[in-house]
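Naming follows writing order (A, B and C), and every chain is counted from residue 1.
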């Protein structure tokens, strides 16, 4: 900005306040990562002694943690498949076609991102309870898809809009049929977006607590449900290691998406936050 | 081949529409009808009068209060951050955005846990403040409203920063330069030119954090005390422990209506801006 | 990148080589004829193309020339099959293809934006149409290699399109179309995004490939010079109709409408009344400003009001003779090879533009009295009711 040259005081003030806020935001995450290697669990920060015992406990086969990690992975994988199917079809309709009632469908897609999750979770509970599907990984995955599909759809819409439709025209003019165009032109160009959609669907499900809480039974608890219980009732230091793994997973996922986009060389799917359609 | 476009679009729109109608709209209608049904199945508003009285009402009020406090705090912090980021060198700005946005993709449970460790009586903050001999340290930052609002604010911050950044980028700096050219002071430029220009973004960001906070559960449940019981926690209790589904449904509908009201305000504000814009461009 | 800075010479297309690689063994033209009847298209009530009829011979280079909104691109898109006409037929060698998908027409299409597939290498891009046609792998490799070699693009075969300059990308796009030997190639302002120097060079290359291969090319541009350089015939389009479809010379020397006269190389318009036809067959026009201008024979009755059109370069400054128009020089600007003069005729109504004259002879000075005339072959006459 160029209205007036910035004063030194203003400059220093801005830099200091921003740094303090950013540090404050980053600290909880750093603390978890460090504490998870502390021998004495949640005791003190920084820990006096370091060990990997909580990680070993987390991964102990047959234990609560290992079981729920397996369940969460299954649910997240199912959610990813469902979200990708919905994401690709819905984005094709919304980004490419001349869809009648475009605004209505778009609004329907955005709605789950804005409606309180507790209401969605309650509704799903009332939906699956009579069917005796509580605790079923399929039910939890379908529930998670309500939250993950809109994200996948937004990413795919932005991906498809980033692909020049006339490339498909060019292929058609050389004699390529619809399937060939989809397989050899559109799909390869949409791959970075597809990977981003898959990654964000997966971590949305893997981290989701509320719907899983409502749809779970004492025998089937996803990882976030177990973490929540551990935090609220019995403080099990293993939870720190689990949290650290979840942080690592999220960062790896984001790095993967960034890498794929860089390799793809063209910008697709900017933001997974529903901020753009709202402003 | 372009003639078939709207048909192809319709076919492609079917899966998501069916899915969301069955697993999103229909269940919400289920919640609505349950909230209006008495124990004998007849129509009643009993659950709503119940929800809006006594201890239940105070839960609703503290939910609104916490949401409002969060909206204000995340606006303030978000504004300071977005404003600073807009003036940083690109490398630092990217790094700052990374710190703001990456946590959004980390489980809220995990972040809340981080806050719990950090804000506890023997946590990092209190240890630092005590050793700095801050008057009154250690402070109680956990299991009270301070803790809840710090936690929820950190959850909403990515939204507010992104929205505010969007509007700040849209401000034509030549307008500010023009104001400076007339001899306006920094304060005048900021309050009379800059703030009105970014006001729509401030409104959107504040309302959005408020709406998203209404149904939020994890942070109040883990970082709050008895005074910070929110509607979502009450619903969870009523379903999981007390089998009072109808009452839970009534609370769900109240949350839904509050959300719609917030979204309605957002929509109206957008409509007004659009209309004003249309008037301007047509004249 | 050194190649990029040197894009004019690197990847220089050798038209003769390319034609030799692509040409079939026989000498017969590979192009096909195209016949268009009553082509119409409107979008939500606005007519964009309003009845286009044309016969294009095999091996002919035809250009649609017009300003934006004239309907030239829509017409091309209908020929290509990307846009469905509301009515009308398109025939190739007598076969009706109006209802066929773009891919079924076996046309080649060169786009202004190149539209190379960004995820494929240059070689893969050129191979793409061949793989669609089920050409054996070994032959694909050979033909792609030969084509790129002839186009001087061999060393870019393994590169991605974004690593190439604009000119190189358009050459690849051209190779990608020519490699499958379509009998009819449609080009939508293919050189529009290139700088002037590169455009001139590519024009020559496109023209000689077309001639060598006997391709039928239908080209769209808004650049007059480009149209004149490339085309056997030019269709001048305005408001969705063809104003005139003729050879460049025909259009230039015998414009059929005032619009064509003015659009192609600008014209001075002078209003007047036709006098009795003279013995030599020319049409004398008594100008409103005074003086008589002899024009080409034109079927019109004496006394009819007409507009006479003369190009700036065809007006001559003469000493006062019988049939010349006198006026005063307003400006004279030397622009290199010639001088641009404006002359206000005596008796010209206020507000009418002055005559524009281009001359290589020693120019008069502003304020000097002059007399203006033109050879009758250079004067076209239009009924006053004609637009333009």
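The rule is simple: contacts are C-beta pairs under 8 Å (C-beta built on N, C-alpha and C of every residue); 3 or more make two chains touch, one makes a residue touch a chain.
A quick note: this is a predicted structure, and the numbers were derived from the prediction, not measured.
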| item | value |
| --- | --- |
| Most centrally placed chain, judged by C-alpha centres | A |
| Chain pair showing more contacts of the two, A-C and A-B | A-B |
| Most distant chain from chain B, judged by the mean position of its C-alpha atoms | C |
| Rounded Å distance between chain B and chain C, as computed from the means of their C-alpha atoms | 60 |
| Rounded Å distance, chain A centre to chain C centre (Cα mean) | 55 |
| Centre distance in Å when chain A and chain B are each reduced to the mean of their C-alpha atoms | 18 |
| Residues of chain B engaged with two or more neighbouring chains | 1 |
| Residues within chain C bordering two or more other chains | 81-82, 101-102 |
| Multi-chain contact residues (two or more partners), chain A | 172 |
| Chain C residues touching chain A - in the complex, by the definition given at the top | 80-82, 101-104, 106-109, 111, 113, 115, 117-119, 128-129, 132-133, 160, 162, 176-177, 180 |
| Residues on chain A engaged by chain C in the complex (per definition of touch) | 164, 166-167, 169-177, 180, 184-185, 188-189, 265-266 |
| Interface residues, chain A side, partner chain B - complex | 1-4, 6, 14-15, 17-18, 21-22, 25-29, 31-32, 35, 42, 44-45, 82, 85-86, 89-90, 92-94, 96-100, 105, 108-109, 111-112, 114-120, 122-127, 142-143, 145-146, 149, 153, 172, 178, 200, 203, 206-207, 209-210, 213-214, 224, 227-228, 231-232, 239-240, 243, 246-247, 250-251, 253-254, 271-273, 275, 278-279 |
| Footprint of chain A on chain B - complex, ascending | 1, 5-6, 8-17, 19-21, 23-28, 30-31, 34, 77, 80-81, 83-88, 96, 99-118, 122-124, 127, 154, 157-159, 162-163, 166-167, 173-174, 176-177, 179-180, 186, 189, 201, 204, 208, 211-212, 214-218, 221-222, 231-232, 235-236, 239-240, 245, 248-249, 252-253, 255-256, 259, 263, 266 |
